[in-house]
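What follows is a pair of complexes built around chain A, which joins chain B in one and chain C in the other.
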Partner chain A sequence: MSLRSAGGPATGDTAGRTVDQRQAPRKRKNFLGRQPLGLLFSAPYVIFVLGVLAYPLGYAVYISFHQFFFTAPGVQVDRPFVGLDNYITVLSDPEVQRSFANIGVFLVINVPLTVGLSLVLANALNRVTRLKTFFRVSYYVPYVTASVAVVGVWLFLFQQNGLVNAILGPLAPNPSWLTNSWLAMPTVALYVTWKQLGFFILLYLAALQNIPDELYESASMDGGNKWIQFWNITVPGVRSASVLVTLLATITGANLFTEPYLLTGGGGPDGASTSPVFLMYQKGILQGNPDVAAALGVVLVIGVLLIALIQKRLVGGKED
Partner chain B sequence: MSIFNKAPLRNDDDGARRPGAGAPEGAGPEAPVPGSAASRKGSSVSKRKNLGVGSFVLLALGAFVFLFPFYYMFIGSLQTNPDTSVGGAFPSPANITGENYSNINNSIDLLKGLANSGIFTGGVIFFTVVFGLLVGYALAQMQFRGKGFVFGMMLLVQMIPFQLLLIPLYVMIVRDYGLADTYLGMILPFAINSTAVFVFRQYFMQLPSTLFEAARIDGASELRILWQIAIPLVRPAIVTAVLLTFIGPWNEFLWPFLVTKDQAIQPLAVSLANYISNIAATASNPFGAILAGACVLAAPAVALFIFFQRQFISTNIGSSVKG
Partner chain C sequence: MKHGKFGSRVLSLTAIAVIGAGLAACGGGASSNTASGASSATTAKGPIKIWYSNNEFEVKWGKDMVASWNAAHPDQPIDAQEIPAGKTSEEVIGAAITAGNAPCLVFNTAPVAVPQFQKQGGLVPLDSFPDGAQYIKDRTGDLANQYKSSDGKMYQLPWKSNPVVLFYNKDLFAKAGLDPANPKLGTQQEFLDTARTLVKSGATQTAIWPSPTSDFYQPWFDFYPFYAASTQGTQLLKDGKSTFDSDQGKQVATMFQTLYKENLASKEAYKGDSFADGKSAMALAGPWAIDAYKGKVNWGTVPVPGTQAQTDGSTFSDAKNIAMYSACKNQGTAWEVMKFATSKEQDGKLLSGTGQMPMRKDLTTAYPDYFNQNPAYKTFADQAARTVEVPNVSNSVQIWQTFRDAWSKSVIFGNQSIDDAFKGASDKINQLAAQK
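Let's look at the complex of A and B:
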């Protein structure tokens, strides 16, 4: 708000004034920069970020340390400070522990699969000349499609007597994929890998453009076969892209909501595919405990940051 | 964390160690051993061709895995009786119907859902373009106090995890401001896409600043410079930003799901999800209806993507590479 009023008056100073009067606005003009109107141009965005993103970020932490209820607009209630109580509630809740273990299972399957498949497919895409656009488009289509829509097909494909089980015949798991407590989370992980892969392929494709061809040429002159080339040139060459891909895949995993909600009918069977964000919805909004849900959100974000740091160490190698 | 900041290659590469080449370590093929190089190069070309065939087969297999569910979605939406056998993956004229579309349309108003999705997405695009162009231009071509702060904020904001904002935004928008079941409540958290702001800034940066200085000397106001000089020069940026902003709200499920309980205002993704989790079990051919709804929801985004695929792909790369 103060930005808006500060930018305003400076614009109108082209009007004729005495020398003495001009001195002050000019000074202010210099203080605000050569085009103080820039403040006005930035104001809507700044207000948006502060009001809709930054303030709630602090509010989330505040809620997590207080006993908090939903109230009707304008009602004042006492919201006592409760210290770490909400965090203790969250961390000792077996459902929450289960959901974090589920995300662990998800990441163990999803991250290596994503990195491996997208790197191999991007590498292949980089070598072919025919139908390149077709391939790129077909890999990218799941990524731009609403998860709610694609979940419909996956439900159809992976149901008890769906096409996947029809093809597998006697090898079909029993109980079926999404209702099997051992397979529900891996199926969700597989689904997310499939859905996001196109985006990661493009990331790798961009990174591959930066590896000079000469490296491959000189390697093949020395008789290095394609595996040696892949491991010694391609993989180290795209290392920083790999850090980004693992980070983004981890963030996607931590944000899991639509899939456990729809694909496994609310984190089923028996909590085998619940996710922390799903529990935030369930505990915070359905059961009316926003304080516990906010604490869960904070724990989740800290967890993601820790995992990201570890991954950066592992994948990033010694260079950084 | 830029991708372009490529990790340095180690010197123990097979390629870099060539005994007898006499060149310092790391020398490229500019100094090959004469004679042997030519014949080896020939073999490397044929090797690459073989590789091409292998890659092609791999890619074709991948494309099948990626596209088949979409094909199956469409076929399934047309089946009178869901046929989940292997043969059911091929269209059979006896089993084709448009009934699923009218069935789902009776439970959830598809046109209304599409219109709501359109208003939600359109609102986000509108705010992003109007305010994004203003701040993008200011960041690129204007000198003012606090510019560094605004720029830093724009980069940082993109790292805020949405799940942390879920509860406080719900408390604020739904409980405090009473914006449940309103378009504004849906739009607000996504109103200005920071990635689009970044795209605008990048495009405005590429324009020569002398152009704007000249206009300023001629007495044009900043708003007029922006409207008459800058914006016409960055039309591709607007296409890019619109495409980039589109898929977010169009596909978004969680937030509009929390904000809207009234079906008359729900975007299609939300009403279809409610159909899947609540109503489908009671339908005569639930999968047919779900898949018909899924086709309607997927079609606009997929069509737009295929039509503008070049811009889509380059924008997503550009925006994520900057890290």
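Let's look at the complex of A and C:
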């Protein structure tokens, strides 16, 4: 209630002008939002997102619809609009089709393993009372270590004459892990799961702090064992974290590049671990065809968004 | 709630505006280089920037060369640095061309990348200098013709080659009961038999360990040297058509397929240098490897075996050249530096400092003292006159990647017959070579 209205009804032109004068600042206030200072604080990140994500994405979409290659400044070349030609080239390329199948295999192994293992290990770590920091650091170290260094360790483990085959003896696969068309991608998926586990465990550990101890105490008094507590309290309690872990694991997995590049010698054997991003690098950077690479990137973005949407519906349930 | 929706709209509109502005900027082209502008640039003198390889021996040579030039030309100083780190030098140079901050000269330009750099408008044709074409011809002779681009111009100055030969480990050969002084490596059949003997004797688990990775350049260190040796120096493409889908090409492929099938070669990549580490008995490498193997391996060399025994076989050059980049403002100075760095004196210093072969037609006679004192390098100097370069055609990298993929599928991993793989690759490569 305003003071003027409390003072009684206004009449004539005077009243009309007063209302207009009062609406003008409110409009400005609406335009800038309830907390104009918030815009200032959020501006750096908004500018970052626009400059580093939105603009390149828009540029990539533009490139994908044109015959395009990078030129020196001042060099004028025709960049004709080619419609869907680049997309047709990409989608009809057997290598690209195979790379999407490979990444499908990767995600089917990596995402459930990541979600399951990180939840179980986070739950276990949450209950550990001694050496808690040691265990947390141990899981986190692979995540922060450069892939180039860690890949060397996995090569030592999984190569033909590596430790794993030495332990397996006659049970060792032939061809060996990294040169076996059936095992190369699952090995890469296992590697990535192990390497990123520490990060996802931290996400779950944070989520676990939000579950009240009283729920576990009540369940315990009602005779619920550890498994029942885990399934009925922990899993629903960290659902929002599960959605996040699933989405992040899917997005990072779909962008797989370093591991096929280093671990399996450039998507080997014979393309069995090639990923779409690796092909983007080959076509866009090495071969000088950024138009085809951009089309591949756009297809990948759309594919990941669709998968993420489905996952959010499935894992997120009715949660907002 | 309303505020949230309104804020989202504002942000969305801003994003669209920014993207739209970006797209508009993309659509517009900058003014093109004019002929008169290009002409004045070729005579301009002043400070220039150059990049050289990060190989320690080349860095030392580069620093000495720059110091010599700067001492004599204080008004046209060279600012030199190693090529910035990247996955490959070519990626870094390609990005620099696009950004417009490429140096005047790069003393390590890979011939395979030249067509792409040329297409980007990033290179200066050296023929645009009055004495350009003649200088190259006088220094390198007919070998320089391999470096001519499809438009008939020279965008690179042939600088140094690393002719690929077959290194072998004398100790492992002796251990296998083979004669290390006269190894039976004269033909491809002898090479295969020797590889079998080495592994069966238990002297080594791997006779030769060429990298099995999918990189487009790997054929230069397995297929191409053998193919050159089998065909008296035929390039992968001739007159725009692929040549490898032939009896000689398939014979080389079959030999390597046998090596992989019989586990004489490994299908796994080796992290490091398998030959230097004593893990393989043979390796294909150039003269740069002499220093790398010093004190590690008791090595010998033979020319790459051909189908028949021969004394004048060809091999892959593994050359690196000097190119001038269009971002260079003082191209007159850059050209003078090119000539200075490839003078007889500087070539001699490069040879003695790095062991790599300057691409001079008079190589063996120009530096007799060096070759008398370093007889190990004589083989390479002799071989340098019979080298084959990668074809200078459009889509060069894509062509080699296509070949490599077919090689991986058929030869290394045996998922397709060599006939089918080579036929498919040949057809695709012919199409790629025909594109502008």
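One rule holds for everything that comes next: the second predicted complex is superposed on the first by the 264 of 320 C-alpha atoms of A that agree within 3 Å, B and C clash if a C-alpha of one lies under 4 Å from a C-alpha of the other, contacts with A are read in each partner's own complex, and residues count from 1 in each chain.
Just so it is clear, a residue touches a chain if its C-beta (ideal position, glycine included) is under 8 Å from a C-beta of that chain, and two chains touch if they have at least 3 such contacts.
Remember, predicted model here, so these are calculated numbers, not experimental data.
Undergrad: After the chain A overlay, clash or fit between chain B and chain C?
TA: clash
Undergrad: Per the contact definition in the header, classify A:Gly33: touching chain B only (first), chain C only (second), both, or neither.
TA: Both: A:Gly33 reaches chain B and chain C.
Undergrad: Taking the superposition as given, does A:Gly265 touch the first partner, chain B, the second, chain C, both, or neither?
TA: So A:Gly265 meets both chain B and chain C here.
Undergrad: Is A:Phe106 touching the first partner chain B, the second partner chain C, both, or neither of them?
TA: Touch partners of A:Phe106: none, neither chain B nor chain C.
Undergrad: Which touches a greater number of chain A residues, chain B or chain C?
TA: B
Undergrad: Using the superposition on chain A described above, determine whether A:Leu300 touches chain B (first), chain C (second), both, or neither.
TA: A:Leu300 sits against chain B, while chain C stays out of touch.
Undergrad: Looking at the overlay, does A:Trp194 come into contact with chain B only (first), chain C only (second), both, or neither?
TA: Only chain B; A:Trp194 stays clear of chain C.
Undergrad: Between chain B (first) and chain C (second), which, if any, makes contact with A:Thr133: first, second, both or neither?
TA: Touch partner of A:Thr133: chain B, not chain C.
Undergrad: Just chain B (first), just chain C (second), both, or neither: which does A:Ser176 touch?
TA: The answer is second: A:Ser176 touches chain C but not chain B.
Undergrad: Applying the document's definition of touch, where does A:Leu155 land relative to chain B and chain C: first, second, both, or neither?
TA: both
Undergrad: Please indicate which partner A:Phe65 is in contact with in the superposed arrangement: first for chain B, second for chain C, both, or neither.
TA: neither
Undergrad: Chain B has the stretches 168-176, 186-194 or 312-320; which one runs into chain C?
TA: Only 168-176 shows clashing C-alpha atoms.
Undergrad: So which bits of chain A does chain B touch that chain C touches too?
TA: Touching chain B and chain C on chain A: residues 31, 33-34, 46, 54-55, 57, 59, 63, 70-73, 152, 155, 159, 265-266, 285.
Undergrad: Please name which positions on chain C make contact with chain A in the complex.
TA: Residues 3, 6-7, 11, 14-15, 18-20, 22-23, 26, 29-33, 88, 90-91, 94, 97-100, 102, 116, 119-122, 211-216, 266-269, 271, 326-327, 395, 397-398, 401, 405, 408-409, 412-413, 415 of chain C touch chain A in their complex.
Undergrad: In the complex formed with chain A, which residues of chain B make contact?
TA: Interface residues on chain B, with respect to chain A: 1-10, 13-18, 28-30, 32, 37, 40-41, 43-44, 47-48, 51-52, 54-56, 58-59, 62-63, 65-67, 69-70, 72-73, 76, 82, 84-86, 88-89, 131-132, 134-135, 137-139, 142-147, 150, 153-154, 157, 160-172, 175-178, 188-189, 191-192, 194, 197, 222, 247, 250-251, 253-254, 258, 269-270, 272-273, 276-277, 287, 290-291, 293-295, 297-298, 301-302, 305-306, 309, 312-313, 316-317, 320-321, 323.
Undergrad: Mind listing the chain A positions that touch chain C in their complex?
TA: Residue positions touching the partner: 30-31, 33-34, 46, 50-51, 54-55, 57-59, 62-63, 69-77, 95, 152, 155, 159-160, 175-176, 178-179, 181, 265-271, 282, 285-289.
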